[in-house]
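The structures come next, written out as structure tokens.
There are two complexes below, and they share subunit A, which is joined by subunit B in the first and by subunit C in the second.
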Partner chain A sequence: MKDTVLGILEDLTGSDEVSKDLDVNLFETGLLDSMATVQLLLELQAQCGIDVPVSEFERSEWDTPNKIIAKVESMQ
Partner chain B sequence: MINLQPYQNPTYFVLLAVALLPLAIGLLYGKRFKVYEMIVSFAFLLLTFGGVKLNEGLALLGYVIFETLLVCGYHAYRKKQNSGYVFVLAVVLAIAPLLIFKLTPFVTGKPSILGFLGISYLTFKVVGTVMETRDGMIKELKWYHVLHFLLFFPTISSGPIDRYRRFRKDYEKVPSREKYLELLGKGVWNIFLGFFYKFILAYAFGTLILPVVSKYALGHGGISWWLVAYMYVYAMDLFFDFAGYSLFAVGISYIMGVETPVNFNKPFISKNIKEFWNRWHMSLSFWFRDYIYMRFVFFIMKNKLMKNRVHIASVGYLLLFLIMGFWHGLTWYYIVYGLYHACAIILCDAWLRFKKKHKDKLPHNKFTECLAIFVTFNVVCFSFLIFSGFLDTLFFAK
Partner chain C sequence: MENIISRIDRIATENPDRIAYDYLGRTNTYGELKEKSDALAAYLKASNLPEKAPLIVFGGQDFQMIATFLGIVKSGRAYIPVDVHSSEDRVKVIEEIAKPAACIALSELPETGREVPVISRERLDEIMAEEGKPVSEEDYVKGDDDFYVIFTSGTTGKPKGVRIAHDDLASFVDWMDRDFGLEKEQTALSQAPYSFDLSVMDLYPTLTNGGKLEVLPKETTDNFKQLFSRLPEMKVNTWVSTPSFADICLLSKEFDEKHLPDLKRFMFCGEELTHQTAQRLRERFPNAQVFNTYGPTEATVAVTQTEITDEVLENYQRLPIGVCKEDAKIILLDENGNEAEAGKAGEITIVGAGVSKGYLNNPEKTNQAFFEYEGKRAYRTGDLGRFDSNGQLMYMGRLDFQVKLHGYRIELEDVDQCLSHVSLVERAATVPRYDGNHKVSQLIAYVVLKNAEFENEFKMTQAIKEELKETMMPYMMPQRFVYVETLPLTQNGKVDRKSLIKEVNR
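Coming up: the complex of A and B.
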């Protein structure tokens, strides 16, 4: 699952920074924006089968690769 | 009966200090005096919406009853079914009072009797709550909680725009003494900083300097250095006035043990326009981001209505900022202000993509950062000049 999430993040950010530093702040560094966030939610739905409504997305809870992995694992 | 507008004069602040003292002592001892708070809220609402403003008070009363019934009705429906049409209908009904209020002057030539101070801000709260209900995120919803959320008096007139789930979470628990002392300290600091912003800086820029530069700019006519001065002075006035107000609203909330989201985070040090919108009137721009832009993008992508990411983002920005423009008011300069920001952010996105691609070839140092801040600041100040309506007076007034 971890690899799937990191794969999605690498595709969206176009860099492997997300796999190198799992605690990098995705929004402060500009790696993710609102557009990429929506794509992330759609990819999570398609590849991991978890349904995250836009309302659920509280930025501070999803702002690092580690936090996203933890979220995805808790939602499965 | 006396009437006091929120955060306008010393009497209001003295009354606030006296009324909030028991609440603060209670919170220090781990208690929320809910009944007492209700009485205080009612008294302050009456101060603002009573007396000569009683017509506004009645409009507010009618409005909150209507919206509370709507939200509760939709929540009850959503527990059983989930039709998209009913959702759209609920959103349309939620914004209907605001639309009627804004459109009435154009149709009848007279201001609508439905209006009251803060109607636009309450509408944001209601629509947000309806959307989160649609997403199934709001499990429990009680009519008196909705009423309390809407009528939370520190933020009723101009925000910051809070969210139902966040507000409930704060209110249901009592902060620990340590945490509350920190909140209390921050709250008092915010209020004093607010005094400095609103009653000294905004007063100096808006009341002392602005009329002078305005007179000279109009006297000169057309484009002049006075117009440039007007632009900067107006921008400063706008910021310190609204940031000052927001500091009061947030500070009072903190003292009441509620962590209302902040509205401003040093907006003028932004390095691009995208960052600016993450620092300027944040509760509004985040509302637009979460409830309009992201939902729009999600809808388009999920239903594969458009393919190109860049196009989707651009249309999303245009939608967001046009709605924001119309929300400010139905005059040409608010709508141009919206369009201007949409274009600025689309260009900004293009630049960021270019920068990402040519990372190694572009210089990045203290100088380029300062240049970025300077350019952003000027782009923003110019947008406020459009927003101010001064150009309308300058070029089109007879």
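Coming up: the complex of A and C.
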């Protein structure tokens, strides 16, 4: 699961920084923007089978690779 | 024409307690807007700052920003909005080109080794709290004086500062008043940063009519939970945004008439409105109007408009951009600079009211794009267009993204357009690969799929090609398909084709 999430993040950000530093803030560093966030949600749905309605997406709960992995694991 | 600033002042005098600005529930009135801008104008007027030189205003989207803009204009100078999210390099290059009289820093300004004075937020608060002797209306920016200068977003090369005069803006506001059926005292969505001239479409038509601006700062639009909880509270009736922002909102099932019953019209500018986006909006908001508009920053936000009705959706695959406002006109020029024959395509060229004087401190670029036509200012947009049999202007892509491959002329945006109609494809951007002689050797399509899951890249490409054959001339067919999750965007949310071109030609 962890690898799948990191794979998605690497593809979206075009950077392996996300796998090197699992606590990097994806938004403050500009690695993710809102269009990429939309893609992230769609990818998580397609590859991990978790459905996060866009209107429920609270950015501060999803702003590092570690938080995203924990979220995905808790929702499965 | 009544002065724009005098119009706003008049509302403030008649109805000082009317709400002008709502920033996530924090409201400010017309009276405050007048008081603060009067105080700043009085301060600037009494200062030793060089007259006529513009001022940079660096900050986000809070009320202080617009009070500052109006204060500067009341003192007879133009303002240059620079967004708080701009890179240090961008701030530096804008300062170098603009040679401002001063910078007003509502947020912390990057250090650039500047010599011009900086007015901090704390100092500005003090200035705005003082009761100075109001400046006379005679001192306001008027006529052909610059009102604002907005720097283009250019991701490569040097940005250009587009000079917009008072009368250019007045012509735009007048057109909005007449041709969009806006009611007095509208409540408008204000989402674009002030450094992007789309913001002018909500700011001045609203303030000159006593309406209210409902501000959605970037921090809120980026956090979808906040965005979608705030949207229904704002009770916006006029929606102004890029189509891309509406696409994000459409992802929520609650973005519809039932949840947003006040919405009466959508006004789009800044990038091409696709058939798909317009269709979805018509379905979700059957009682709202959808307007497509078109225009470059160089001709004051927009100059053509048309309503996208169900009938238009039925008759057009690529949506028309409409008809020109009354006090300007569109001519189409061929390669030799002559007017194209009737029915033929040509470079969209705007003549008349609203056309800028040119780029600030850049005569070379000004002379390349601006000229005089029948005694009026004219601007060559670099966009290709034609008039269809209904007299509607059709946008056909950028001239500078036209490539030649094996002797054929190809509009990269045409290829994108065909690709976006393929059932498997969400969005696409096509870019050329050049050989050692700067000739195009290949077209490469970057494709975002609707469903990112697929077994086999080769089979996917075959399936797309099969479908493309039905709509696309064979010479337009991209040689390579690259599947990506997103396309890079420029600061203003348009597809950043230039960065893709760089990437494939590295």
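One rule holds for everything that comes next: the second predicted complex is superposed on the first by the 76 of 76 C-alpha atoms of A that agree within 3 Å, B and C clash if a C-alpha of one lies under 4 Å from a C-alpha of the other, contacts with A are read in each partner's own complex, and residues count from 1 in each chain.
Keep this in mind: a residue touches a chain if its C-beta (ideal position, glycine included) is under 8 Å from a C-beta of that chain, and two chains touch if they have at least 3 such contacts.
Everything numeric here is computed off the predicted structure, so don't read it as measured data.
*Asks:* Quick check on the superposed pair: does A:L42 touch subunit B, subunit C, both, or neither? Answer first, second, both or neither.
*Replies:* A:L42 contacts both subunit B and subunit C.
*Asks:* In the superposed model, which partner reaches more residues of subunit A, subunit B or subunit C?
*Replies:* When the residues of subunit A touched by each partner are counted, C comes out ahead.
*Asks:* Which of the two partners, first being subunit B and second being subunit C, lies in contact with A:L12: first, second, both, or neither?
*Replies:* In the superposed model, A:L12 contacts subunit C only, not subunit B.
*Asks:* Classify the contacts of A:E56 with the two partner chains as first (subunit B alone), second (subunit C alone), both, or neither.
*Replies:* After superposition on chain A, A:E56 lies in contact with both partners, subunit B and subunit C.
*Asks:* Overlap of the subunit B and subunit C footprints on subunit A, residue-wise?
*Replies:* 33-35, 37-39, 42, 53-57.
*Asks:* Quick check: in the complex, which residue numbers of subunit C touch subunit A?
*Replies:* So the residues of subunit C in touch with subunit A come to 221-226, 228-229, 244, 248, 251-254, 448, 451-453, 484-486, 489, 493.
*Asks:* Enumerate the contact residues on subunit B facing subunit A in the complex.
*Replies:* Contact set of subunit B toward subunit A: 131-132, 135-137, 274, 289-290, 293-295, 297-298, 301-302, 309, 312-313, 316, 352, 356.
*Asks:* Using the touch definition from the top, list the residues of subunit A that touch subunit C in their complex.
*Replies:* Within the complex, subunit A touches subunit C at residues 8, 11-12, 27, 33-39, 42-43, 46-47, 53-60.
*Asks:* Which positions of subunit A touch subunit B when the two form their complex?
*Replies:* Those in contact with subunit B are residues 14, 30, 33-35, 37-39, 41-42, 53-57.
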